[in-house]
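Next, two complexes with chain A in common: one pairs it with chain B, the other with chain C.
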Partner chain A sequence: MRFLPRLALLLLLCCSLATVACADGVVEVTAPGNRLLKLAVVPAQPQGATVQPDLANEMADAQVFDLNMSGLFAAERRDAAPLPQGLGLSVIDYIPWLTAGYDLLIRGEYELRGDELTVEFRLFDVLNKKQLLVKRYLGKRSDLRRFSHAFSDEVLGVMAGAKGAFTSRVVYVSSQTGHKEIYIMDWDGFNTRQITRNNTITISPDVSPDGREIIFTSYKRGNPDLYKRALSSSVEVPISTRRGLNITGAWSPDGSKIALSLSKDGNTEIYTINRDGSAPNRLTVSHSANVSPSWSPDGSKIAFVSDRLGRPQIFIMDADGGNVRRLTTNGSYNVNPSWSPKGDKIAYARMMGGFQIFTINTDGSDDTQLTSEGSNERPRWSPDGRLIVFSSQRNGGQAIYVMRADGSGQTKVSHTGGQNIHPVWTPRWE
Partner chain B sequence: MQTLQRRSDTWLGVTLLLSTALHVAAFFVMVWLQRLSPDLGQVQTTYYVDMVNLPVASPQSGSPIPTPTPAREEVATAPQAGPTASVKAAPKAAPMAIGKSPSTAAQSFQERLASLAGKAAEERQAAALASIREKVAGGRAGMPGATGAQAGSDYTAYLHSRLKDAFRETISYQSRAPFVAVRLTIDGEGRIVQLRLLQSSGDKVFENAVQRAISLAQQRIVPPPGHTVYQGSFVFKPQGVTHQ
Partner chain C sequence: MRKEGKGLVVALGLVALMAAGCAKEEVVKKDEPVVPQQTVKQQEPAKPVEPAKVEPAKTEATQEGATAKASAANALETVYFDFDKSDLRQDARDALAKNAEALLKQLANDKVKIEGNCDERGSDEYNLALGDRRAKSAAKYLETLGVKADRITTISYGKEKPAVQGHDEAAWAKNRRDDFVIVK
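Coming up: the complex of A and B.
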């Protein structure tokens, strides 16, 4: 027993010597924690004669919400004296911001002439006292939130290496008129607009990769058929009206095909069809239900739900229907798969009393529960993979929520009445 | 009856004598034992002087001990305060000596003890000095060569300290095990004139954090020793994150 302390001392000495040896070559610098970058957003200052503080505040608030939801920043709106010579000619005094502990600063200015709006935003690195980003946007007054979101996307591009998806929107189904119709809103719940007016059941929307068209299932002719329409048009084109169910349509990543579930053979099977509905190609062959196809980002694989083993589970197959393998092994009822844009994870809903949202690696590892409050279904990834939108039944009604990919920051974004379900993210505004 | 009483008196006397003799013997044994270990039970304050290589505030000045020769003089006087203090902490209550008056015995014992403690302190001090001299002679303390003219491991340690402080303020990442390896070139004026990214895990947030840490550290660093150009490689990682 007496030699134990000596042995420990000897080991400690060896470790110290190893560190010294390492320091001669490459020195390791470590620090604890993972801090959020503290970001101050100053409402844009007016450039011309028209002064509208509400407009400036709304833009600042939109950016604060975006950047806080990114999970990289602790953003807050801070008022500051306007720069006397405008943003372009003034020298930023970083000291007060540095003293207040901020890492980054967003300042902007706007000019409103009638309905024409010009906005300029700048991102400053307070710590290094330098400007990181300048963007100028020209458009209508109604575009102000879009300009703010666009700048938030750019900020993420500069700071995280990949643009955000705050200019994208969410298409969803709402029953606020008494019928299930399709709506679209900004990702943060603003600028809601009704898309369909079929006065019947319209469900399961999906947005084309270019963001111009949507497909959905509607009962407007009595049968659940698959329709397609442009977001800018009211013309709805039936693309799959086969006998039985034509449901859970999903665009392929290149937009050339649509995967969907058809029950024309008796039980529901997964097919692919061309974007005009032609050339159906059956992918699954089983005596059970196969629904909810979700393409991998490279279009080579499809995740889907099948109860071929008795209970609904998530499976993965090649895009031609081969090489089927079971993905989820935990839980007895797993549905609603959604493949992440990076291709590494699949989000899905598991029934555990109510439904809860999980993510799992595509090799079946790291099965992680993200939600626990209420009943949560239909997860869909944002185009940048940072956020997940889902429908949640909490406090009575069913609403659209957004959370970060790790389950944090769950926030209700839909503000309309009725039941709000089946959310889908559109591509970002380029 | 009388015989019995006489016999009993004799036994009582013998017992009394025997008891007295035993008590006296026990007393002498205790005194003798205490003389063998005079420090038994006393509190003695101990002072430690830990000689370590701390990052120097102004590395161009080199080690606090610039050259071996004057270093001996400086360090010879420096550590005296510690050990000498322990001499004052000599025991105040000394055991009584036999055959002398109590006050004389205590005084004599205290003197002897002080002498012993002083001797021990001198030995400790001599050993510490010898150790320091050995380090100085071997160039292991302060800057290499102790001239302050070379950019050596201590400037690296100094830079590491500055970078670590700055990195604590900027660290942020979005992947599980990020790392960034950089090579820094610092000119004679202490400016980072080249920052070369050697390797990265690809986490842009982390790369930004490292870049910001280096910029922040640059505001606080001093020129390399002898105003020579310094080059060094550093790998930045979150604390506690291991790479596979």
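Coming up: the complex of A and C.
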């Protein structure tokens, strides 16, 4: 009950905190040496009549997973007795956390009325004994993981200067039903949902920059054609059904165009088309195969795969097709380019027995191998550039994995059976 | 323990791949003696489609004797390729010559769809382009042998439709192929 009257005050707090964050950029909380910041997540305390420890634990576990994967924190769930004064901490309340060696603390409250869920999370700086962040979320019970991820996004905003992308989801392809179909899941593998039901080969999804639509290639009419569909709808609109291949569609960063590979003129060449499929404009001219375009974040350049020199290598060209240059020079078979959101790096996969994932600067320097276990393909950067999702064949299956951009923390996230391939992130939930 | 096993598998895979590179010549040469047309003509009876796809040597030996149109359609020979290649080997040209003859005689009123396929090793997206190129190189050769272009369509399945399961050169060699399907 005392929850609601405090809303106005909290909103005020949020605003003032936001101002502070804007003014200061990054909050200065530095762990001694180079160790990770130790962060305790206390499961949210119940308000009102409905007490559901499972719900509170699930929210805490989601944040622990997010924040550990960020690479900035050593996060863990810690149970603690509720304090009489609610979520605020008096100076003396910090002491046990300080003595236990924590740098940061997340506490929360939830109220469940029927299906209506209200959650408030707070982040505390234990060393400096101050509250850094307050956020309040109102929605349905089914939103609980999203609320947790949304607060994780904010924690990174305050602690590292750029929000996380834990509210992003991953669209991917699974052969679980016996056919390759498109699925969507939260970035951490929860809330998996099958999107397409074409009972044929359906592959290579890409998500529009506004997060509302996907494009993909499907053989549903016999030819590998490009389709578009809203995530909220089941209507699939064919947008490129040209003779031959209509594959590896990639939405431009401003959403106005789609780069894709067409073989209508003989070779498989890269074109751009409008989002409705009209006005094809050929970008590559070669006697070879050109596939897998990936836009630079400013839309001025496109990385792609071409075997114009024999085996497939990664090239970069201007978005109008000019100034083609070869990017990868190591390895004899490099594919799957993905341009980082900051624009400085390209992740790709190299065949060396199986495939392994590398990152390379766009000037060709710092070519770095990130994976070595099993066979790993199709890297795609998270919207905040901190994580890379990829498809991995290891331990007898082919699943979707996530790792940090430096290759650490490789973790299986998909739960669907069969082959799981072609992951791509949605934008974060704002 | 498990990790080590995995590492070993990966290492073996690597070795297998390297070996494949070296062994390629050998594999091709082994195939060649089976191909020459004289040998083919001596051996008769038509065989069902199934072994035709799995056993290239037998297919090549059986096709010529087939007289019924249906048999001719079934016996259109699968064409095989080297790793990451779409140019036609001698055995592929021989098979295409037989396919062209069938398309010009018993199947003169039919159209053919050439389905390009790849083995499992390459990148699936790049393999779609490779399969497209394999289908088209067979189509072009059929055209030079007199089959009208408007009777031929091509499609690529990349590595989505392997003819045989398996993760060794024997399986890969059978999956790097063009299938020929009569369409009404």
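Quick note on the criterion: the second predicted complex is superposed on the first by the 392 of 430 C-alpha atoms of A that agree within 3 Å, B and C clash if a C-alpha of one lies under 4 Å from a C-alpha of the other, contacts with A are read in each partner's own complex, and residues count from 1 in each chain.
Here, a residue touches a chain if its C-beta (ideal position, glycine included) is under 8 Å from a C-beta of that chain, and two chains touch if they have at least 3 such contacts.
Every value quoted in this text rests on a predicted model; they were computed, and no experiment measured them.
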{"item": "Chain B versus chain C as contact partner of A:Asn34, first or second or both or neither", "value": "first"}
{"item": "Contacts of A:Val335 with chain B and chain C, given as first, second, both or neither", "value": "second"}
{"item": "First (chain B), second (chain C), both or neither touched by A:Ala230", "value": "neither"}
{"item": "Chain C versus chain B, contacts on chain A by residue", "value": "C"}
{"item": "Touched partner set for A:Ala162, first chain B, second chain C, both or neither", "value": "first"}
{"item": "First, second, both or neither for A:Gly353, with chain B first and chain C second", "value": "second"}
{"item": "Partner chain in contact with A:Leu309 - chain B first, chain C second, else both or neither", "value": "neither"}
{"item": "Touched partner set for A:Ile421, first chain B, second chain C, both or neither", "value": "second"}
{"item": "Which superposed partner A:Asp125 touches (first chain B, second chain C, both, neither)", "value": "first"}
{"item": "Set of chain A residues, in rising order, touched by both chain B and chain C", "value": "none"}
{"item": "Contact footprint of chain B on chain A as seen in their complex", "value": "23-37, 71-72, 103, 125, 127-128, 159-162"}
{"item": "Contact footprint of chain A on chain C as seen in their complex", "value": "2-3, 6-7, 10-11, 13-14, 17, 84, 121-126, 128-130, 132-133, 136, 154-157, 160"}
{"item": "Contact set on chain A toward chain C in their complex", "value": "180, 201, 203-204, 222-224, 244-245, 247-248, 261, 263, 266-268, 289-292, 305, 307, 311-312, 333, 335-336, 349, 351-355, 373-375, 377, 394-395, 421"}
{"item": "Chain B residues within the chain A interface of the complex", "value": "153, 156-157, 159-160, 163-164, 167-174, 181, 202-205, 207-208, 212-213, 215-216, 232-240"}
